[in-house]
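In the part that follows, the structures are each spelled out as structure tokens.
In what follows, chain A forms one complex with chain B and a second complex with chain C.
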Partner chain A sequence: MAPAPPPGHFHILYFAAAAQHTGKSLEPLPAPLPLRDLFDELERRYSGIRASVLDHSLVTVNLEYVDIQADEEAPEGERVVIQEGDEVAVIPPVSSG
Partner chain B sequence: MASQEQQNHPESLSQDNCWVGLTSSPLEIQSVIDRVRSPQAGAIVLFAGTTRDSFEGKTVVDLRYEAYAPLALRSMLDIARKAKERHGLKGVAMVHRLGVVPVGEESILIAVSSPHRQAAWRAGEEALEECKARVEVWKREEFADGEGVWRANRDGQAGERIG
Partner chain C sequence: MEGDTREAIQDKSNVASSRPKNGVPNGSDRRLTDEEFERYSRQMIVPGMGKHGQLRLINSSVLIIGAGGLGCPAAQYIAGAGIGTIGIVDGDVVEPSNLHRQVAHATSRIGMAKVDSLITHLRSLNPLPTYIAHPFHLTAQNGADILSRYDLILDCTDNPATRYLISDLCVLLQKPLVSAASVQTSGQLIVLNCPPSPQGVVDRPCAPCYRCCFRKPPPPSANLSCGEAGIMGPVVGMMGVAQAGEAIKILASALHLPQDARGASGASGASDAERHLTHPHLLIYSYDLASAIGPYTFRALRMGGRKRSCFACGEGSTLTLEGIRSGNPDYVQFCGGLAPPPHAGLAPEERVTAAAYDAARRKQELPPHVLLDIREREHFSLGSIEGAVNVPFGKLLMKAAEIQRDGGEAEDVLPREARGSGKDAPIYVVCRRGIDSQETVAKLKELGLDHGGTRKIVDIVGGMKAWKDEVDPRFPFL
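Coming up: the complex of A and B.
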């Protein structure tokens, strides 16, 4: 589904309400990007997305959930930085079944 | 690495007599039951979730599902393996349909087999509830009045962050 991102970028995937807000399912963003700056970057690009989507969503990096709140409180050296080639996803509240 | 995994787009995973799948085709009840059949089992419990034509009194004309496929499959396999371990099951199979699902048709099937029926009933229910709480699949309901809504399963369950 997702081709490799261009050099110096990571891919971010949007699902459900996130895709509805951004109007796309995937895009490359410049890497590296500290995880704690991700929501600010998305809000800058898509005004209002924080309140309507991100505040209710989880985030994965390379198919693993990351805890943004814990990351913000972690010591500088232990914080997650999104790297070139990573696959990040915004996961809104799920509704299978 | 993850992108490659997604490019390959595996539609099913299996391990330790647990099978999970995603498909855009109509679901086949018999094949899901056959996947958990075992000579050591005295019971197979099957749950079929079907799409309903209303939500809080509003008429739903169309439903569709999308998934973060590689992650959803991984979560489904984790749920299946834990259910098998916890309830001493012989097999677990679960499949979710994606894309448009006409009203009244199955969107999810879960089959479990066990030596005795009590464990199978319990495991089937638990596995379904855990799927609904955390598998990375989303349902969109299109209403007769033209509105469309990405549905969220119950607020406050694991896998969701409440704003």
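Coming up: the complex of A and C.
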């Protein structure tokens, strides 16, 4: 398992092309963060990452898939908020073999 | 014993479609031949397998699409386990650069069709299964016909367009799909569409398809191939072996049959397994010594089930086999097409061919300049043009973004060795194939490094590939 994030933060894991784009495999980000703001936050830090990585990647929170599209359309009270200590992962598809 | 064996082979050589369907205990009263008994003894005594499980494997058929880094190890264990009918699809021939990971081929079979090479290897491992060669690439035209003849499909291919095609066909033909992929030091594995449910059914939990997980393909520029990005043998090998493991497990417990066909009683204990499969786990393997997460990491991430809005399997989907056959959807287009990637709109004077650059250098017509090689460090280490300095494209873009966001000296995107070469020394940019270099020229200008036009920034057309073709045929290009 990844080390625990510092207080007030969650950990985000970057796999494959996401790791390549950010130059890291893991970093702490300030929590709480509404899920639907995650991509904006990452785009602010890594210009261009939305189009080249995030738009076709899947996202998990605490090892479970979250549907970002559905979350954006969900009513206010049902939206996912990433909490302190959570582990978020960005997983782009890999195609080769 | 001899006679028994021959009979067994003949029995299995019937075309797959006329074989009795696996899963029902057909032939469970059949005696295993002595050869089968001995060969499969160690797996039959594993709890849950037994003779029943072994006969299911023998009565099953598996299609392995791709005889490469995933397909080779997967096929070895599929054959070893005694799956009765094994089909292999691949249109390539064995090349020397395959052999570090495609371990079922052989140095002595370089140049042979991969399908034939792999079957040669599998026959020597286990002569009992029926092997079927499909020595061509899977296409929208031939796909449905081939897939329909098998019980379970292994996606061992190497490109997004074929992955979406295979997944769509599996949805329509109701075939379970064990999908794996790998590049550089990462691997992924997931069981999809298992147990299969009819397209469009969303009123009960159903397993997802590839599109439910990955709705959109990566842009072609972000899509790394093993040929371009590299691949470690054990990483892709691990994923291929795991694919075989999943396939054997599914077939031995008859989970590949559509829910309805299995009847109410079903296979014993299937309900727990089914619950897992309707929300399958995506297994991620990363093998990165420098990673902050740890040097070798497995992660199992629980996926969602079938998506109501899925283009292929969701409610009201209009995807059909006839449509696919006639080019709808257009998979190549969907995955970014074969068209050359958009160039950065450079003016003719901002580009020079490798041959012209070399000629000008030889005639000493060029002023002192920076030759910026933006390939990955590993490529650069294998050979470069004399005097070139290296900063990998990704690093350069990150540094540029940092400067644009936080401020700083634009000059700092260049490697240290390049910064002292005179304020207006021209910059020539070279990459592997001449695509990233165009983007880099545009980016350097955007940062103001062209000093309003007094400093030339030039793209070497076609990259080091062109250098090898036009200037130095012995250049070690990878």
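Some points to look at:
By our rule, the second predicted complex is superposed on the first by the 92 of 97 C-alpha atoms of A that agree within 3 Å, B and C clash if a C-alpha of one lies under 4 Å from a C-alpha of the other, contacts with A are read in each partner's own complex, and residues count from 1 in each chain.
Please note the rule applied: a contact is a pair of C-beta atoms (placed from the backbone, for glycine too) under 8 Å apart; a residue touches a chain by one contact, two chains touch by 3 or more.
Keep in mind that what you see is a predicted model, and the values were worked out from it rather than measured.
Superposition note: with chain A as the common reference, chain B and chain C are in steric clash. When both complexes are overlaid on chain A, the residue A:D67 reaches chain C alone and has no touch with chain B. Judged by the touch definition given at the top, the superposed model places A:S47 against chain C, while chain B stays out of reach. In the superposed pair of complexes, A:H56 makes contact with chain B and with chain C alike. In the superposed pair of complexes, A:A4 makes contact with chain B only, with no contact to chain C. Touch criterion met: A:I91 reaches chain B and chain C at once.
Stretch 237-245 is the one among 3-11, 111-119, 129-137 or 237-245 where chain C clashes with chain B after the superposition on chain A. Residue overlap on chain A between the chain B contacts of one complex and the chain C contacts of the other covers 2-3, 13, 15-17, 20, 51, 55-56, 58, 60, 63, 89, 91-97.
Of all residues in chain A, only 2-3, 13, 15-17, 19-21, 23-26, 46-48, 51-53, 55-56, 58, 60, 63-65, 67, 69, 89, 91-97 touch chain C in the complex they form.
The touching residues of chain C, counted against chain A in their complex, run 66, 68-71, 156-160, 163, 180-184, 186-188, 213-219, 221-226, 229, 231, 236, 239-240, 282, 284, 286, 288, 291-294, 299-304, 307, 309, 394-395, 397-398, 401, 404-405. The touching residues of chain B, counted against chain A in their complex, run 1-7, 9, 49, 65-66, 68-72, 74, 96, 107-108, 128, 131-140, 150-153, 155, 159-163.
Against chain B, the residues of chain A that register as touching in their complex are 1-5, 11, 13, 15-17, 20, 51, 55-58, 60, 62-63, 85-87, 89, 91-97.
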